[in-house]
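Alright, structures below, take your time with them.
Below, subunit A partners subunit B and then partners subunit C, in two separate complexes.
Take a look at the complex of A and B:
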C-alpha cells in the first residue's frame, strides 16, 4: 500500500514516500515520515506495516550509530550500510521476517556519481539501481522514470521526475495518497525538500 | 490461491434434441448452453493463468535468471543472463555487470579456474555466495602456505602426482556448495548452483609403435582413430610431452584406471587379444585440464556432466537447445558461440530471463596450468 520510490542523480539521491498511516478503513495520520535518516549522509525509505516499518528503521539506524561510536567515528559507506541492512533482512527471514521493502540511498565522496541507491525487499535481495520504486507505485512510476531519467542529472531535474511521478499517482492510483514527503541526500547531508501536513493539524 | 474447475458434462448437440414446440420455447432453448469452444478457451485461460501465477509465488522462480555451462576441449563456457525481477516486473537488467554488487556468478577465493554461479531467489543466493566465499577463504587461511592460487613449485619432482598449482578443485568446491545447501535442509535456500571449472587430471600417454608393428593392414585408419581420444590428439602432442618421473607409477596407473581403459578402447582394435593390448613400453603420464561441470538443486543434490549443465527458469528450454547444439571438442571462440547461441535462443522464449547475457570462457593455456578467463557480452531481446 505504501508508496516508496527514489531517483539518483549526479551528486546525490532523492527519496520520496507517501505519508499515510492507515489500517482497514481508518486513516490514523497523514503526516507520517517513512524516510528514516540512517546516518549523516544516508536515508532509507521504508514500506510495510507500521510496526515493522518503525521497528526496522530504528533497529538499522541505531545499529549504524553504534558502529560509529564503537569504531572511533568511522562512517560506513552506503554500500556497506546497504549490505548490513540486507544481511539483517536475510537473517530475520527464516526467524521472524521484517515485512518491509526498502529503498536506501546515500552520498559517498569516492563513488563516481556521488549518490547510490539500493533497492531491497523483505526476502533479502539487494540491488543497486539508478531509480526504483516499491509497492504498487512501481506499476505507475517505473515507466516514467525509465523515460525521464538520464545519466548526469542535477538535483532539480531529479526532483522534477519525482514530482512527475507524484502527479501520476494522484491521477491514476486507486488509493488517495495526497501527502508526500521528499528528502534529498547530497554532500551536505539529508534534508527535507517537501513535506505535507496532516489536515487535522490546523 | 487455487482455482477449481468443476467438470461439466458435455452437452448433446442441438440437432439431437427434440425440437421445441413454440417459437418462444425455441428461442429460450438456443441460449441455454454456451458453445463448446468457449468452454475450452475458458479452461485454457485458467490453466495459463494458474501456471503463470505460480512463478509469482514460487520462490525459486520469483526473481528469474538462467545459467548454461558447456564443456569444450580444455575449456569451459558459462553463460548467465542479467535480469532481476519481482515476478513479472523487471527491476533491473544489470545483475551481472560490474555496476551491480550482486553477481550471480563469481570466482570463489583460493581457486582460479573455477566459477560458481547460481539461480533462484536473489536474497538467498547472495547469502549463499557470501557463505561459500567466507568458507573457502577460511579454509585457505587455515591451510596456510599450501593454498595460494599462484603458488607454482617448479622444483616439484617427487612424481607422486602432486599438483603444480595447489588450488581447490572444482569437484571440491561443488561438494562444499552441496553441503552448505543441505545444511539448511529444514528451511532451504532457494538456490540452484552451477559449478564449472578445469580440473587437473593425470592421464597416461600410450605409445603407439608396438601396436602398429603387430597389426598389418589398416594401421593408418587405426592410427587416425586412435589418436583422437576424448582428451584430444595425444599422439600429436606426445612429441612435446615432458616425461615425468615414474616412481610410484603403479599407484598412478591404478588410480587412473577408468581413464586408462577408456584410452585403451579408443586406441586398440576389437580383434586384438588382451595380452597384447596391455603391453606398454613406458608408463608416462601428463596432466591435462579436464572440464568439470556440476549443478546442484536447492537441497544440494549434485549432478555432473561431460557436456553441459543448466539451471534456472529457462532450464527446460536450455536443455533442449544445448543438447541440440553441443558437440564435443569445441574450443575457444567456437565454444563461446555455441554456448551463446544455445543460451540466447532459450532465453528468447522465456519471459523471466533475458535482458542481456554474459558468457565467460575459462580456457587452459600453456602447460603450467595457466587459465585465462574471458568475458563476452551478448545482445539479446529486452523483453
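Take a look at the complex of A and C:
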C-alpha cells in the first residue's frame, strides 16, 4: 500500500514516499522514512513489508559502502548501483524473494542530465525512466506525470509535480496517507526537501 | 640452510622468507622478455617470443598477448600453462563484474582479483605458486590508460614503463634514462633547468612502440629483431571512445624495427 514515486529533472532527481508503517488494522507509526540514502549521490525509495524494506535497503547500501572502501574511494555510478540492486533482487527471487519494489535515483557528473532514475520490482525488472511510481499510487500519479513532465525541467518544477501528485493522492486515494517525505539528489548530494513528520522523532 | 624450509609454500623460513615464492619469481627470469610502456594516448606492450620454429602451425592464439575484456589486455612471462589458468580467472572476473554492474570493470579491480587468486597459492593448500608474471594494460574512465605488473607472490604495482622476463634489469635501466625524455631531443644539451624539476613527458603510442623495440633489442642480447621473434601490441581509443586492441602484423613490426634502426644509426649525428 506504500506510495513511492520519483521524477527526474535536469540536474538531479526527486523521490517521494508516504510515511505510514502499518499492518492489517494496526498503524505502527506515521513518520517512517522509506527513502534509503544509498551513497553520497544516490537514494532509493522502497515499498513493501517493513522487514524487507529495511533489510533490503541496508543490504544494498552497506554493500555499496563496502565497494567504496575496497576500491580506494571509487564511486559506483547510479547505473551500476541500479544494476547491482536489480541483480540482488533477481538472485533472491528463486531463493527467498525480497518483497520490495523500488525507485532508485542518483546524480552523476558524466550523465547528460545529471540525474537518472531507475524503477525496479521484486521480480528483478529494471528500467531507466524519466519518472515512475510503485504500487496503487501509480494509478493516480502516472497520468499527472505523463501530462506535467518536460525535458529540461529544474528542481523547482520537478518538486511541483511531486506536490501535485501528493494533492491528488490526498483527494482520491482511499487510504489516508497524510505524511510524505520528499528527497532530492543533485550535485550536492542527497537532502530532505520536506518531511511532514520527523522520522527521528521517537 | 634454505633446504629445510623451501619445499613447502606454506612455511616461512627462519629469515622470514617464502622460498617457493622466490623460486617461482626466479623461474620467470628465464622467460621471454615483455616490456610495457604507458603513452599519452594509449599503452604498448612488446614481447619476445621464445618459441619460434618453422614447423609451428600458424598461431591462432598468441603465446604472449591475451585479451581479457573489451578494455584490458595482458602479456605473460613465465609458464604459459600456468598463465592460461590465470587468464581464464581474469576473463571470468571481468565478465562477472560486467554482468553485475553492467559497466566495464575498473582495471585495478581486475588486477587485484587475479593477484588475490595467486596469493592464495602462497598461503593455503600446499600447492605451488603460479610461475607467471603479467603486464596488464587497460583503460577505464576513472584513471584513463593504466599499466600494471604482477608476480607470483600476488603483489602488483602500477607503472609508467616496466619490463618482466629475461634481462629485465637491463631493460628497466634503459627505460629509466629514455622514458619521458622526448626521443628527438635525447641527444640535445640539457638546459640549466633544475634536474629535480624535469617533467616526464609521456610519449605518443608511436614513440612508445619504438622505445619498446629498443628495450627488446637490448634484452635480446644482440639477436636480430624480426617479426617472427617480436610481438607488438598497442591499445588506443577510437573516435567513439572504444578500446582498440591491436597486435601489429609482420609488415607493421618491420616498419617499427626499421625506424628504430635508423634512429640508433643516426644517434650522435649533429
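To be clear about the criterion, the second predicted complex is superposed on the first by the 197 of 202 C-alpha atoms of A that agree within 3 Å, B and C clash if a C-alpha of one lies under 4 Å from a C-alpha of the other, contacts with A are read in each partner's own complex, and residues count from 1 in each chain.
The rule is simple: contacts are C-beta pairs under 8 Å (C-beta built on N, C-alpha and C of every residue); 3 or more make two chains touch, one makes a residue touch a chain.
Remember, predicted model here, so these are calculated numbers, not experimental data.
Once the two complexes are laid over each other on the shared chain, residue contacts for A:110 go to subunit C alone; subunit B is not touched.
Judged by the touch definition given at the top, the superposed model places A:124 against subunit B, while subunit C stays out of reach. When the shared chain is aligned, subunit B comes close enough to touch A:94, but subunit C does not.
Counting residues of subunit A touched by each partner, subunit B versus subunit C, the larger count belongs to B. In the superposition on chain A, contact is made by A:132 with subunit B only, not with subunit C. Legend: residue contacts after superposition of the two complexes on their common chain; A:79 is shown touching both subunit B and subunit C.
Look at A:197: by the touch rule set out above, it reaches neither subunit B nor subunit C.
In the superposed model, A:154 makes contact with neither subunit B nor subunit C. Residue overlap on subunit A between the subunit B contacts of one complex and the subunit C contacts of the other covers 79, 83, 87.
Against subunit A, in their complex, subunit B makes its touches with residues 59, 62-63, 84, 86, 89, 91-92, 95, 99-102, 121-124, 126-127, 187.
Listing the residues of subunit A that touch subunit C in their complex gives 71-72, 74, 76-77, 79-80, 83-84, 87, 110.
Touching subunit B in their complex are the following residues of subunit A: 79, 83, 86-87, 89-90, 93-94, 119, 121, 123-129, 132, 138-139, 142.
The touching residues of subunit C, counted against subunit A in their complex, run 99-103, 106, 108-109, 141-142.
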